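These notes are about the structure you will find just below.
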Amino acid sequence: MRYLSAGESHGPALTVVIDGFPSNVTIRKEKIDEQLRRRQQGYGRGYRQQIESDEVQVTSGIRFGKTLGTPITLVVQNRDFKNWSEKMAPFGDKPENLREIYRPRPGHADLAGAIKYDHEDIRNVLERASARNTATLVAAGALARQLLEHFGIQVAAHVVELCDVKAAQFPDTLEELEARANASPVRCADEAAAEQMMARIDEAKAAGDTVGGIFEVIVRGCPIGLGSYAQPDRKLDGRLAAALMSIQAIKGVEIGLGFEAARRMGSKVHDPILYSGTRYVRSHNGAGGLEGGVTNGEDIVIRAAMKPISTLYNPLPSVNMKTKEVEPAAIERSDICALPAASVVGENVVAWVIADAFLEKFAGDSLEQIEDAFQAYQARVSQR
Amino acid sequence: MRYLSAGESHGPALTVVIDGFPSNVTIRKEKIDEQLRRRQQGYGRGYRQQIESDEVQVTSGIRFGKTLGTPITLVVQNRDFKNWSEKMAPFGDKPENLREIYRPRPGHADLAGAIKYDHEDIRNVLERASARNTATLVAAGALARQLLEHFGIQVAAHVVELCDVKAAQFPDTLEELEARANASPVRCADEAAAEQMMARIDEAKAAGDTVGGIFEVIVRGCPIGLGSYAQPDRKLDGRLAAALMSIQAIKGVEIGLGFEAARRMGSKVHDPILYSGTRYVRSHNGAGGLEGGVTNGEDIVIRAAMKPISTLYNPLPSVNMKTKEVEPAAIERSDICALPAASVVGENVVAWVIADAFLEKFAGDSLEQIEDAFQAYQARVSQR
Amino acid sequence: MRYLSAGESHGPALTVVIDGFPSNVTIRKEKIDEQLRRRQQGYGRGYRQQIESDEVQVTSGIRFGKTLGTPITLVVQNRDFKNWSEKMAPFGDKPENLREIYRPRPGHADLAGAIKYDHEDIRNVLERASARNTATLVAAGALARQLLEHFGIQVAAHVVELCDVKAAQFPDTLEELEARANASPVRCADEAAAEQMMARIDEAKAAGDTVGGIFEVIVRGCPIGLGSYAQPDRKLDGRLAAALMSIQAIKGVEIGLGFEAARRMGSKVHDPILYSGTRYVRSHNGAGGLEGGVTNGEDIVIRAAMKPISTLYNPLPSVNMKTKEVEPAAIERSDICALPAASVVGENVVAWVIADAFLEKFAGDSLEQIEDAFQAYQARVSQR
Amino acid sequence: MRYLSAGESHGPALTVVIDGFPSNVTIRKEKIDEQLRRRQQGYGRGYRQQIESDEVQVTSGIRFGKTLGTPITLVVQNRDFKNWSEKMAPFGDKPENLREIYRPRPGHADLAGAIKYDHEDIRNVLERASARNTATLVAAGALARQLLEHFGIQVAAHVVELCDVKAAQFPDTLEELEARANASPVRCADEAAAEQMMARIDEAKAAGDTVGGIFEVIVRGCPIGLGSYAQPDRKLDGRLAAALMSIQAIKGVEIGLGFEAARRMGSKVHDPILYSGTRYVRSHNGAGGLEGGVTNGEDIVIRAAMKPISTLYNPLPSVNMKTKEVEPAAIERSDICALPAASVVGENVVAWVIADAFLEKFAGDSLEQIEDAFQAYQARVSQR
């Protein structure tokens, strides 16, 4: 599978074209819209998420609720475009009163992007660099997980740290974890911590400041053998790291014990191998489901660190690129905290990568063919 | 640029073919061999590194010390192959007395790989999954950095944590940092910490255990504008994360403040923008040189967490895949600690990614053409 | 550059997302619409081309008539979708009276596609396999040629054979050739031949039959050095052949003398090299502008053979895939001859490939940067 | 699958690294060497083919005659390198008496390559642009066909035209065709035509001239459904055209009726569909096995036109690039006719593309897994 996403934050629409998705997979539009909705929620979001409600339009590749095996086009209209149609017009003259942006925001692509692409108006940069584009990634991921679900693969995410507040209590089951995260305004399964997290968001808001944090994505039910150690760019850990690090504001990624693994002796890190009578099992999962860049049948566990939102209502010093005068950075409508949303993005981005690796192993143009290949492989696995 | 690497750890040779490297770049073989040598060193390495001394052979793409613009083949012979020529023969029958491996080592690709590729003898997995292949990545990176050097881009790495020991003192200049790291048996610039690190390695060795740690790679001198926010897979932070996470035993990657950024308020994370009179500068570098997936002209700072080596001389429990009996994991000749080597691999892998992004921006089939494009761009940058 | 195209022939819309197009290129919407219009014309087209008039919508990547360097989304609405909205609905139930297609048409993807993707209703195949998708290729090519024009590179096409009628008279200049082709209902520059060609179309129509033919694409003004012999997949001749052969109904491609080159002695094929005082020139152009897979500065000349349209109003025998009974092939609304349109598609597809190769050599994120690189290279070329 | 090939014609060795080849495929070295040998034969070859005899070395990816699923490195030593070790040395100084080449040969990459890569000595171009590299393509193809053979897919080629001589008589069976082609010094199955072809080669040789011609590749036994119409770059016809057109000296490619299809009415081109009782069959094969870019179960038939060798012993006019004086083109050791060899290259290049498309459809990391997927699909096909 491959995709190309497109769209400016205040342009007419976001679009993603997906090529290589198999035929005959049942797709429910509501499941895509549900993911889009989850991405728009969370404590600490700004005004935009309240006025807009994203919805997917499918303009190719699906007929009567089943995929055709042909490229799938997912479109998310920017409902606010009616207020931007002159300022973001594809053709025609610049409006006379256009407010251009010359003061790059620290932490954003503004400065580097304006120089790279030779733009005077930084809006030409920030419109695309904006996390708004994650709506396309969520839509693509929401499609991918409908394929994964068919094969019993689940993906969930929850917030584990927000600023200096750490979640400490975790439920025993993935279902419970997911339920609690979904019920929490900060997508944190530890209710007490969640309260403190919201307090921290309130403090940041009061100070014109912002906060980030850490979320964790869990994938359950992957067959053994996705990814490969044969060539560096085929390692699944590297591919997952790339996908998560490419989400706006992510500055760190770790798998399983992650950085903690570096601080322990090997005997406290690696997961002894046992045999249950029907399959190989582990007494713990320090590897986070990946050994040698390949899934080992345990849960994939991966965490991402999100820096605080870069747009501060109490802005940091910047420079006017026209005049070179020191001025405060520009303010673009923004959130105080987008960590809960980022966890939803992370979930869906991971779903995409897993589905992609799944299709590499089981190929198949139709769901039927994939099903055959998958069952045959699982039968072989059970013999080992 | 693209490459394909190949080779089993005890096969005849490791090979990497590099396509898209420009013509007329001066390449010194000694500089490649120097990187290969650095990769083999470090306190805590096993026997193999003492008996072998890697050296590159160039069988295409370079003539009289200059690149031709055609694919470059770098070969590293496995000098120990003479002892493995029967056990690893490409053709012919299996030797009668061949010792096959059935007990997968926790932490390695052994179990997942044997099932994925349907191998009985786990040697068929571990030979390729082995970190031995990093020699090809180092050779490719050593080539890339000779291009980068021409454009004033430096890459350095040092160890910042080893097991529970943290380096605390860092020199003021990159040159000094590099010199001290190169002089240290654990590639750590803090001498006092280095002593403790070596003690920890000795303890692990005595216990039949292993240790990992964290290294940091720094890239200085990158032009503004490498990478892009236009499409997720073009973000340079994601590409760097993938490259580092794909190195054997790496379980975490962070850029700039990394996970620490998630724990601070935004005003303590983002880097105010100033103008020096000739260029934009920052008062600090929390972003680690990357904003929006694009280089911003500051040092790129990226850290990777390495888990301890998976092969324990005091092995963890495993299962004999033939009999399903619980047995201790197999022992394959290995190191107690390969962190210093991993930092050299990281350095060279990062150099490759940077050179690749550099060539995307400045293209050019010949060094002369790249030089023209680079100078013209830098002249434009100085006007912004 | 890369693109993904999408869309069913009677679905809501066709979409193409283009990634990697540089910033600051002036794009005129009329120039894209002009190419779309040209694709819909030509003697021998069916009813659909008369009722629909394609027009591009840009939903990303362009602002105030200039590219942003971000992905460009081009959408062509299917105006006839209002009549197909139930039959081609992405979601919801199949209409009760849906006419499904079970009789594959010889020459189409129908049979192979239905089996490959496990579809019962052949409409699920033909909607995407349809040449309707060439509208996206034309739109993408129309964008590419606006970049090429900036650098003085022209692309033109004309029909040289239609069924058994060959054009014999060609004007001396490319401008005249283009003008005459544009003025001809069969896009043939030889007026007498054009008359005969139209007669042949009329005959085919009367017989419920179809015709194809051969068109030629000419690219003038390419710099020396696009493409590469370094790796097979970088050869520009191979890439052009792939692009043309991938157009619906194309069964042959030749460059320069093409098949005729195979029938002559070498001394009658290869083009002697002369020096004009300012540049290398050739006394003829048997190579068609490409030697070793690289542009040599002469016109690129490439021809493609189009088979007759596969849908016959007097249908060939087929088999009902439900019943296995012999029945005449299905009839889908179609043209008698689409060769003139195919020549326009070929023109634009070639423009895309050339622009892609151009950007590989001159890279650059902005038009300004490309301009610098191009001028510097041309200055070097003039010294050789 | 993917590969990167490398190597200069007179460098130490040619190398190809192949990634993505499945595990547990039995590979016989003799079968690779046999293809290499076939590539070196044919009436009209020069001195080099007589003194060298290519042989493959496998330095990774195969153990005890079975693939490991890891990258496979195939090396072909240039036995003549001993005479070129100073002139083609990767490192060290240029020999004082080095004969550099300044007179580009019409028809070769010489001129365009020297300018593109900024080389003074044209040897830096011709060494890689040389058809010598086809040895790597043949070796890779020879590997691919051992996979195809396992699934009953055969690939054969024969010469159908040489200069102005056309083969007229063809045997009825593929086996007979192959046997006769293999027995013929010009790889032509029509013995009478073969005699004339050899005469034409003798005439060319006497005149210091060269000849080319046309060969045909046939693939029998492909399952229905390789390739796809979903996206232009996935069409198998386009991919085959690219692969063949990228072979040195190929200037035209056609599939099935090819250019002839353009000259007939549709009813004389398309292949009626019948049902045999067990499968769909055709009364003829004008489509050459590909409809909509997808295999339809009939033989794939594809022809390529080779121009005459560009190096003429009676050289065409050229220009000394140092002095700009008109001088005869340089002479590099060469053949009079390499068409028989090209047909072998074509055969193997086609085998690679087919195997690649096969693995896309049946994926699978191991032969066992592919076998499962293939059998399950064929069972489904038999129900349609």
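Order as written gives the chain letters A, B, C and D; numbering starts at 1 within each chain.
In the analysis below, contacts are C-beta pairs under 8 Å (C-beta built on N, C-alpha and C of every residue); 3 or more make two chains touch, one makes a residue touch a chain.
Remember, it's a predicted structure, so these values are computed and weren't measured experimentally.
Each chain gets a centre from the mean of its Cα atoms; the one farthest from the centre of subunit B is C.
Chain geometry summary: the mean Cα position of subunit A and that of subunit B are 26 Å apart. Subunit A and subunit D, compared by their mean Cα positions, are separated by 44 Å. Chain centres here are Cα means. That of subunit A falls 37 Å from that of subunit C. Chain contacts: subunit D has residues 4-5, 19, 69-71, 116-118, 128, 225, 228, 230-231, 361, 365, 368-369, 380 touching two or more partner chains.
Judged by the touch criterion defined above, the protein chains are all mutually in contact, each touching every other. Note for the complex: subunit D touches subunit B at residues 2-8, 11-19, 23-24, 28-29, 58-65, 68-73, 75, 88-94, 116-119, 124, 127-128, 365-369. Within the complex formed with subunit A, the subunit B residues making contact are 4-5, 104-118, 125, 128-129, 133, 137, 161, 163-164, 204, 207, 209-214, 224-225, 228-233, 235, 237-248, 250-259, 261-267, 269-275, 280, 282, 286-288, 291-297, 305-310, 312, 314, 316-319, 321, 324, 326, 329, 361, 380-381, 384.
Listed in rising order, the residues of subunit C touching subunit B in the complex are 19-20, 69-71, 225, 228, 230-231, 234, 359-365, 368-369, 372-373, 376-377, 380.
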